[in-house]
Amino acid sequence: MRKRDVLTPLGITIGFIMIMLAILSSGGREGIDNFIDIASIFIVIGGLIGSLLINFKYEQIKLFNSVMIEAFQKNDYNLNEMIHLFVRLSDYARKEGLLALEIKLDDEDVQDPFIKKGILLAVDGIEPEMIHEIMDAEITAMQNRHEKGRAIIEKAGEYAPAWGMIGTLIGLVLMLSSLDDPASLGPNMAVALLTTLYGTILANLVFLPMASKLEIKTEEDIFMKQIIIEGIIGVQSGQSPHILEEKLSAFLLDEENHHSKEFVAGDKLHET
Amino acid sequence: MRKRDVLTPLGITIGFIMIMLAILSSGGREGIDNFIDIASIFIVIGGLIGSLLINFKYEQIKLFNSVMIEAFQKNDYNLNEMIHLFVRLSDYARKEGLLALEIKLDDEDVQDPFIKKGILLAVDGIEPEMIHEIMDAEITAMQNRHEKGRAIIEKAGEYAPAWGMIGTLIGLVLMLSSLDDPASLGPNMAVALLTTLYGTILANLVFLPMASKLEIKTEEDIFMKQIIIEGIIGVQSGQSPHILEEKLSAFLLDEENHHSKEFVAGDKLHET
Amino acid sequence: MRKRDVLTPLGITIGFIMIMLAILSSGGREGIDNFIDIASIFIVIGGLIGSLLINFKYEQIKLFNSVMIEAFQKNDYNLNEMIHLFVRLSDYARKEGLLALEIKLDDEDVQDPFIKKGILLAVDGIEPEMIHEIMDAEITAMQNRHEKGRAIIEKAGEYAPAWGMIGTLIGLVLMLSSLDDPASLGPNMAVALLTTLYGTILANLVFLPMASKLEIKTEEDIFMKQIIIEGIIGVQSGQSPHILEEKLSAFLLDEENHHSKEFVAGDKLHET
Amino acid sequence: MRKRDVLTPLGITIGFIMIMLAILSSGGREGIDNFIDIASIFIVIGGLIGSLLINFKYEQIKLFNSVMIEAFQKNDYNLNEMIHLFVRLSDYARKEGLLALEIKLDDEDVQDPFIKKGILLAVDGIEPEMIHEIMDAEITAMQNRHEKGRAIIEKAGEYAPAWGMIGTLIGLVLMLSSLDDPASLGPNMAVALLTTLYGTILANLVFLPMASKLEIKTEEDIFMKQIIIEGIIGVQSGQSPHILEEKLSAFLLDEENHHSKEFVAGDKLHET
Amino acid sequence: MRKRDVLTPLGITIGFIMIMLAILSSGGREGIDNFIDIASIFIVIGGLIGSLLINFKYEQIKLFNSVMIEAFQKNDYNLNEMIHLFVRLSDYARKEGLLALEIKLDDEDVQDPFIKKGILLAVDGIEPEMIHEIMDAEITAMQNRHEKGRAIIEKAGEYAPAWGMIGTLIGLVLMLSSLDDPASLGPNMAVALLTTLYGTILANLVFLPMASKLEIKTEEDIFMKQIIIEGIIGVQSGQSPHILEEKLSAFLLDEENHHSKEFVAGDKLHET
């Protein structure tokens, strides 16, 4: 199951707490009121929606919510668990034959459709190169799909500051057009600046970091799916469970052990 | 038929309503007047036209209108319909021979020139690799043509804010040159800012989102044409209608089913 | 002959008329005077020249004028004319032999050195692949040469706003250093802003659109030269004039007919 | 051992001394106080942390500290030393056989895991192409790992100025909302500008140069590891120690001798 | 010998003269004083040095001076001279044998190490493909070396305006913190703007154009070295001096004759 990613709400919360603290520290309790202006919220959010509607197709816009939610979830891959699954599958296939894997899949209660599809292809006797090709095509398709979804968030991060600027320009024009009351000059200008503030916060605290996280998650998905392909090819070609475990664990090492290793690299070489 | 795309006019309408609301909410009824200035409209639109005339050839500039209209239309591909057409064509070709397809094309009343061209090439007995090559060349040509048209909108999105800034600079210079009447300072500066506002709105509510939508539509066109090529090659090589349907439906799945599937991926794996 | 391109001077004229109108409409007749300042012109143009001298070699700087003039000319390719030339050459070659083409070239009064070179290579009995390679190398060399020339205009479009900003900063420093006379504050600031205005106009009405047009022209040149190569290979390989005409006309179609065709594409498919 | 890189702390120190001098020279002793504002530090650093938490996964964020420390260390590769090691290994392998290298590795007290892994692969009798492939894969993995770590610093360099701007906007809104006391106008605006100052300094004196140095170090690591691969392949293929030394020294020359050589290049050619 | 490049100092001189004229024309003699502020120079130059120290390795920073000097020198390639050298070498090799070239090299007093290395490789009987490979590797190494040196100038062009902005922010904060004396407001702000002016001038008149010129020179070096490789392969393969001269002159033509030719291209074609 995809687990909730605490970092995204945490980051947004921290960002808003900092903004609150900054306001409270110099503006006090009533300072907060100066930062909420319905018309300003309307122009930035509404304008942003307008630009996105023009920019995208209906099918993509429908994805907006699910993509946003996606940024609050994290991949919960358990590489160790998965390696052991492939070891068991490999063991079973060597004992009972490839065809028996179909039952084993149910026994193991494997629900990942990517693993299932791969195993079924292997059971069907499709050649390894072909399996590789079919499953790589799935990875590419997933990548395209994710990019399409991410594109909306990225564009939102571009249009938000632009609409912030549009709002500020409107405010400035209104303010400058009627300078009769010099006392209202400051507050009016303050309101004008609010849209720029909203746009900048939306872009730098919400859309841009989210789009970036979604990109990192996609890379992770690709990495995992490539390991699964290795595992399935290994099971199909009848590799010994032990060798398969070693081979797949190499990916594990790569992710977890390498960094520490590297820092001692070369330590003693030069004293030789 | 290309259908009207409601999203583009909807987005533009929402954008302008938001701008109106923002003006009305703080400036009232008469506030609107401050935002219409003929000279400012002239400098931004006229300057933009000037830059575009220098930037492009006559042949490309003629495309401006049709490309703009294009952004208000959406591709109305019916993938299901098209798959069934290929199934019928495949069935017919297996029964009556490839040569009979020419008549079938008329019976089916197929008007898509890309499908027609492909079928006629198949009827002429051109080899599959050659058909692929010829039709890929058509796709590339279409892509280049669309890019040429889109380039004008993209450049308009670059020059519009620049001319907005030029207009504002002219306004500021005029205002600062004659500071005799301090009362006119504000209104003059308001007028000066109008061109920047116009340029920013034109870029972020019109040109940039439209160019982006045109790019998405081109990608969709390419995707559809690649399915058509698969269909034609399938018909020519005498694939059974059933297999052809499955093969082409894979594209359908990819577009519509995958997303939902993916979110349950891995759900149970780790409880194994 | 390269014909004069009316669009470039037209665009520049429109741009300047718009600027004039904007000034006259709010500043009146005497407003124009506020926009001409010799020192400001000097700093922008002179500084720009300084940066370009450092940026480029003498050989490239010498090209500046001819490249600028180039942006006022348009390619006057007559594809139909050229196709007919190749049809006549092909016909002649089939009747009189390849060697006779050298005389035919003079009869036809062909002056395009690229066509001449290709025909002479064919007459010399060089193999088609070799001709392709030699002439592709010429295209690449032309592309590099054009890029070198265009680079100066592009860099001018980058340095012009930068020098505009330098001029404005100098003006602001001078103005702020001596605030004795508050009456001179406005006019002095107006003068300071002039350089930014000059730099922005130079970049967005002159250099950037010109560089962009030169790039489009280079692409056109490459397209034409690739058709010429097809024609020459066709003539050499003894293709029938009729087939050669059809083949070369495909390029013509691609440029002129496709667009209209495409918009009806798919019209009737979905009613089937 | 990785040595401390004095340049990074030196650069940061110089940067801050310059800032101090600039403040002291015009603001005097008490001027410094104007530049320290706890709320401003909070909003920039806190907001930056918020954006980074959303942007990255927990595993990457954990790397932040070690990557920052990494920028204060320099690679202490001794190419000469390493070449001599390979010469000794080559000599030993030719005398005692490849298998004996395992003991020699301990005698030489080689601690670099990359060299060790390569030699052990050679001892195991893996073919040279395979060794090349395995070790190239390690280099690519290292490169990806470094890029992941560097990405945090690069993003920090993007978000820092954005949060500086957010802080300034908040300050301006607060200031403009309550213009009752004109005397506080200046100091309040000064405080508002502080966050922009903090953000700009963080980006241009800390994050961006550090990310750039980390990139240079990664390139250096890749270069070293490629030499090591050459050395190991040389040892395995039984190249004479003398030839191996020459071959590896070519890399040394490339780094150290070439530059001086080049400047005399062509000196006398044209007097011939 | 590399000759002094007069364009670089000329460009810098013109740039500074323009700045001087702009100051003198509106500020008069004493205006100059307003533009020199030691603290401002310190913060921009010092901060720039700080950022560069963090950004680069010691080995690269050492190159700063030589790279800057490099931008004041121009390649003094004499293509004609070089072609004649290869013609003489080719002639000599055909008469006396390849081995005799070693003596000829001394007679001709060839000092270019790249030519010397190539000829010696040919004398050693290395195969042409191998010579090509070895010498291409040298070109790539040179390119990398030049890029490393150029990177410092490019980064200086990025950090200079950033430090200009930091200096201005510091000045503004100081000025706004103590508004007691309204008379000092203007001059203080003038001083604050000086760092931005310095940073912009450094970037656009010094670092960015220099980095660009260095890139152009590197391309020229690559072009020359590729001709030299052609020459050496020609000499080795025993091509007739006459053919070699024609072949190498093709490069010459490409550089010098083509441009004029091209403009008449197609002149008469369409009147046929």
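As written, the chains take the letters A, B, C, D and E, and residue 1 is the first residue of each chain.
Criterion: a residue touches a chain if its C-beta (ideal position, glycine included) is under 8 Å from a C-beta of that chain, and two chains touch if they have at least 3 such contacts.
All values derive from a computational prediction rather than experimental measurement.
Chemist: Can you tell me the least number of steps between chain C and chain E, where a step is a move to a chain it touches?
Modeler: Minimum number of steps from chain C to chain E: 1.
Chemist: Where the contacts of chain A and chain D overlap, which chains show up?
Modeler: none
Chemist: Spell out the chains that contact chain B while also contacting chain E.
Modeler: Intersection of chain B and chain E contact lists gives C.
Chemist: Determine how many degrees of rotation, between 0 and 180 and to the nearest 5, align the Cα atoms of chain A with the equivalent atoms in chain E.
Modeler: About 145 degrees, rounded to the nearest 5.
Chemist: If you average the CA atoms of chain B and of chain D, how many Å lie between those two points?
Modeler: Here chain B and chain D have centroids separated by 43 Å.
Chemist: Express in whole angstrom the distance between the two chain centres, defined as the mean CA positions of chain B and chain C.
Modeler: A distance of 27 Å separates the two centres.
Chemist: Mind pulling the residue numbers of chain B that touch at least two other chains?
Modeler: none
Chemist: Reading around the ring from chain C and passing chain E first, what chain order results?
Modeler: C, E, D, A, B
Chemist: So in the complex, the part of chain C that touches chain E is made up of which residues?
Modeler: Listed in rising order, the residues of chain C that touch chain E are 1-2, 38-40, 42-43, 46-47, 49-58, 60-61, 63, 66, 76-78, 81-82, 85, 108-115, 141-142, 145, 155, 159, 162-163, 165-167, 169-179, 188, 191.
Chemist: Once bound in the complex, which stretches of chain A touch chain D?
Modeler: Interface residues on the chain A side: 7-8, 10-19, 21-23, 25-27, 31, 34-35, 71, 74, 183, 185-187, 189-190, 193-194, 196-197, 200-201, 203-206, 208-210, 212-213, 216-217, 220, 254, 258-259, 261-272.
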